Structure formats: structure tokens, C-alpha cells
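Note that chain A is present in both complexes that follow, paired respectively with chain B and with chain C.
And now, the complex of A and B:
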């Protein structure tokens, strides 16, 4: 599994070279995200564009990251595919997260 | 397509989370033979992944070397998926349907786990859990509209 972070206009944009954000990679992804925050990133965009499938474990990582930021930063989710967006809507998590169609909109919004 | 009696397929993986994808891909392939919509196929895949992962994580404690069996029964009017394991049973209290609603104003209530079974309850038309001897079976059914 591979995750990547780059800086764009003051945001840390995290992306992954994975089509499935599921229980098999959720813990390494959580550690990666927490490391980014512990390293000082407080404006984070997670680019979900490559993720075709997400399960409750993947969703749990995003919730844990949001809680870790504890209102002291910004976390946005960008470019979710239909099945991923459906999961957010089904679980009401769309109410907790700022979700944008593209990374650019997340940064400029 | 299938007749009223339907057709059945039995799949088996070793208890590793990376193997769940194999089951997911097989389920997607089978769903492609049905009249389920793309959204419904995604949801069935999600439910099966949740229950297979549940067996690996909770019945077997993420220990490799155990059997997870998935039996798919495909009929004209319904898709039934049974996930069998021979590990620790699920506590009855965890099988009760719970709400997926969230309180936006109280981060302490934002759960980072425990949504798998509620998701399955909300998406499948019927859900049944049973234990027979040392075998745990989670049976879920999705109706197929013509």
C-alpha cells in the first residue's frame, strides 16, 4: 500500500494508490494520517479519487482522524466515487465531513 | 438466468483480511448476472465484506489459518449470502439493529468502529445469525426486483 502527502496552497493533500480503503489497509492509513497531523498538518484534504470501495473500517479511520483534529484544524474529503459517497450518506457521515467533488474545490473552498 | 430453484456457489478463504477482496470480486461477478442495479451491487458487496471481515476479526481474532466459507444462492427473485465461520460467536447484544444517525455537536459520540452490522441491517432485506454446534452462520438476503 502506498500513501502520499503533498502541500498545495497551505493544505496537506493526502492521496493513496489504492482502489479499496478497507480493513486490510485501514490501520496503516490511520497511522499515516495521524503522523501527518502530529507533524503539524492542520489543514488536510484527503483525495479519495482513486478509491472505488470503502468499508466501515475505512470510514472509521476518517472519523478517528476528524476526532484527532478536535476542531483545531480543517479536514476535507475530496473526489469520492459513487459507492464511497453512498456509504457516507447511508451512515450520516456526510453531516460530519466537508466533502467536495474535486481536490481543487477543497483547497479553494 | 436462474430458475426458481436457483443456483448455488460455495467459496472459501483463509482468515486474512487481504483475502476478503477475493470474495468481494466474486460477489460482484455473480451480481452482474442479476437485475440488481449498480448501486445495489455496490451495497451487496459492502455487506458481504463487512460480514466476512467480522468473521476474520472477531470470530478468529485476526488469526490466520482458519476457514471462512461463503455460500451464495442465486434465484430469480433473491440473492442469499451465507457467511460461515467456526470461531467465537457474536454476542447477541451486538446483533441488535442500531441507528446510524449521528449527533454533529457531540464528537464523543462519533464512533470510529462498530458500524459494520448496522450497515448490513440497513441495506439487506433480511438478516439472520445462527449458531449450529461450533459453526456460526450469518445469512443475509437481498430481493431482486424484476
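And now, the complex of A and C:
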């Protein structure tokens, strides 16, 4: 599993080289995201462009990260594929996150 | 310790046996690999083999390979005796499964020290196996408890309930239930705790206890001052209080999705509220059509202060509601393709003339054939109710 963080216009853009965000990688991903926040990132975009399938543990990581930020800063989700978007709709994630079709819109929005 | 010595030279074999017997070990002896395999098969207490390398029929390396490949049911610590001091031979032997080497002629102090190292490993392994067995027994007994907690298929006040439940590993995070709240109102629910295993199962037990209440806990009903002196809470109120009660720490993200509903058994009126759960399906008996009872909502335990919607539908006699966990639609076939909602709905469309039990069996058969296995990656649960006034 490989995760990557880049700085773009004041945002930390986190992406991953994974097509499944499920129980097998959700814990390392959580640790990676928490490390980013602990080291001072408070404007974070998670680029989900590579993720074709997300399960409940993947969703849990996104919300855990939001809770970890405790209202200090911004967490946006970008570029979800159709199956991931279905999951976000079913679970009303738009009530918790800003979700944008692309990373660029997340940064400029 | 029971030790098997495998050595074709009779004098060497005798000498080793005498020395090791003096150390308090029980010794078995064989003159080649074939004989050794026979002895190992008949004496399950033998945990250490000391074998010569060069032997007729089956040599030490072949014996080691044969033991590693065999279904012997225990770990055998394998020590190879060799006159070869060549390093490559030792590397090859270790790669083929030997645990240790002793050079010939045997230095008995060294043999003893190496034997003790082997015994330590065997004892550690035995202790570990023992602990694993204890844990597995506990898990099995927890799974039995979980199975006992499940509501039995039942007809309550003109509503028939039946279900299918299959946890992914011994213990599941799915739970469901149904019971009467008064003489004309029944509650029913299906929930799915994120993740599997012990923590999810424990959490689902707790939730089940809360939702199975008999009226003493004010989650589903509250007291009022006017007759009948209670009020049955609307499903969204129930979800809101569950959500506020179960806020978790970010590190231990334990949350659950749920569909919770109440049905009036006299009128067939159903009110449902959902928190991130797959939309239950309304199977309309007269028109033989299926409608999703669409509802959304943030799963419970994720964020405080969320609100939920109530959706009310009116069942006609013979109508069914099919509630399911995402383990059904996310069941994968060999190519990683998901079973999906469309397949589920098409299948259910063929079940209008089936009894509930037949319908449940049909869905199971279809899922098993899709997955190519009756062991699923995720918990698979569905709950069916039919209003039959």
C-alpha cells in the first residue's frame, strides 16, 4: 500500500495507489492521515480518484479523520468514482464533508 | 521428550540412543526414512527427529520434505546430522524444512544444547496452540450465544417474520429483531456494525439488548400522563437517541447502519427510518412490483446531532418488506464483481408466488452460487416480513 501527500495551494492533497479502500488498508490509511494532521496539516483533500470500492471500514477512516480534526480546519473528499459516490449518498456523507468531482475544484472551491 | 533417531549405522544409532536416554528422553529408532515415517505416524508424542543425512532408501533430506508435506497434525522439530561441513548443503537443508544441524562426529555437549533449544521452541509452540484453542473455544461459545439471541421466525399479530443470517467469520456484526410494542404495534430492525469479529459482535449484542427492551427502557416508548400512559416513539427519534448515545473516539471508529421501523398490525401502516443502511425493498403482492423504501442518513455513532427522516408506507395484504445488510449486495463473485441491487431485485421479482421460507432459500442459493462458496466475505443477513391480516 502506498499513500502520498502533496502540497497544493495551501492544501495537503492525500492520494493512494489503491483501488479498494477496505478493511485490509483502512488502519494504515488512518494512521497515515492522523500523522498528516498531527504534523500540522489542517486543510486536507483526500483524492479518491483511484478507489473503485470502499467498504464500511474505509468510510470509518474518513469520518475518524474528520473527528480527529475536531472542527479545526477543512477536510474535503475529491473525485469519488460511481460506487463510492453511491455509498456517500446512502450514508449522507454530504452532511459531513464537502465532496467535489475533482481535486482542482476542492482546492479552488 | 519423545525423540526419534533415524540413522542407518547401527552403532551410531545405539550410541545416540544411550546418551539421550540418560538425559531422560524416550527414544524411538529407525534405520531409514521410510521406517521413520511409519513410526511417526503411529506415535503422535514424537516431536523431535534427529536424522542422519546419508541413508539408503530415503535419505534425511527426503524424510524432512516428506514430514513437512505430510498432514501429521503437529510440528516436528527436525535436526539433521551431517558430516558435510559444506555451507551450501546446510542452506539447502534449512530451505527444505530442517530446523537445525549437528556435525558428525557428534559433540554431545553441543547436541544437548541444540536439543534444549529445540525443546524450547516446541514448548512455546504448544503453549501458543493451547491459547489459540482457548480463544477459538471462546469464540465458538460466543457465536452460540449470538445465535441464541436471534429472534426466532414468528408470526406476531398478523405479521410473519423470517430471516437468513450468516456471519462472515464465526462472529458477526449484523443483528436484527422484531417484537410487539403494544397490542397493535410491532417494531423491527436490522443493523450492521462496521467491521467484523469480537468488538463488532459485542457492540451488536449491546444494541440488540437495547432494542429488544420490554418497555422498561425509554428508548422505544416513553411514559406520558394521559392514557394509555405511553407513547411509542417515532423511528427517527429512536435513531437520534441511539446516535447520541454511541459516539465513539476517532481511533476506535465503531459505528453502525440501521433500518428501524414500526408497523401497525391492524392497518398495515409502516414507518421506517434509516441511517446509512441499504434501502429496504417493498414487495407489492397485488402488482408484483418492487419499490425501494428510499431513505438516507448518516450511520449511527459517526457524528453527534444528526437528524433522520421517517418514511411511511401503507402495506396491502400479502405485501412484504425485505431488509438486508450490504453483505448481500457487496457479495463478490470470482472476478470481484459485486452482486448488486439490480440482481437482487430481479431475483426477488421471481418470488411473488413463493412462501417466505422458499424465498429466503432461493436468495441464499443464488448468493452461494454467485460467491462460489457458502462462506461469505462479509456478514450476510436479510429479514423478511409479510403483513397477512
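Just so we're on the same page, the second predicted complex is superposed on the first by the 109 of 109 C-alpha atoms of A that agree within 3 Å, B and C clash if a C-alpha of one lies under 4 Å from a C-alpha of the other, contacts with A are read in each partner's own complex, and residues count from 1 in each chain.
Here, a residue touches a chain if its C-beta (ideal position, glycine included) is under 8 Å from a C-beta of that chain, and two chains touch if they have at least 3 such contacts.
For clarity, every value in this text was computed on a predicted model and none was experimentally measured.
In the three-chain model built by superposing on chain A, chain B clashes with chain C. Of the two partner chains, neither chain B nor chain C is touched by A:2.
When the two structures are aligned on the shared chain, A:89 is found in touch with chain C, with no touch to chain B. Once the two complexes are overlaid on the shared chain, A:24 sits against chain B while remaining clear of chain C.
Look at A:60: by the touch rule set out above, it reaches both chain B and chain C.
In summary, superposing the two complexes on chain A brings one listed stretch of chain C into steric overlap with chain B, and the stretch in question is 186-194; the others among 60-68, 78-86, 186-194 or 222-230 show no clashing C-alpha atoms.
According to the touch criterion, the shared surface of chain A, contacted by chain B in one complex and chain C in the other, consists of residues 23, 53, 55-57, 59-61, 63-64, 66-67, 83, 90-93, 95-96. On the side of chain A, the complex with chain B involves touching residues 20, 22-24, 53, 55-57, 59-61, 63-64, 66-67, 70-71, 82-83, 86-87, 90-93, 95-96. Those residues of chain C lying in contact with chain A across their complex are 192, 194-196, 249-251, 253, 255, 257, 276-279, 296-299, 302-303, 306, 326, 330, 338, 378.
Those residues of chain B lying in contact with chain A across their complex are 17-18, 20-21, 24, 38-39, 42-43, 45-46, 49-50, 53, 56-57, 100-102, 104, 107, 110-113, 115-116, 119, 122-123. Within the complex, the chain A residues that touch chain C are 23, 30, 34, 53, 55-57, 59-61, 63-68, 83, 89-93, 95-96.
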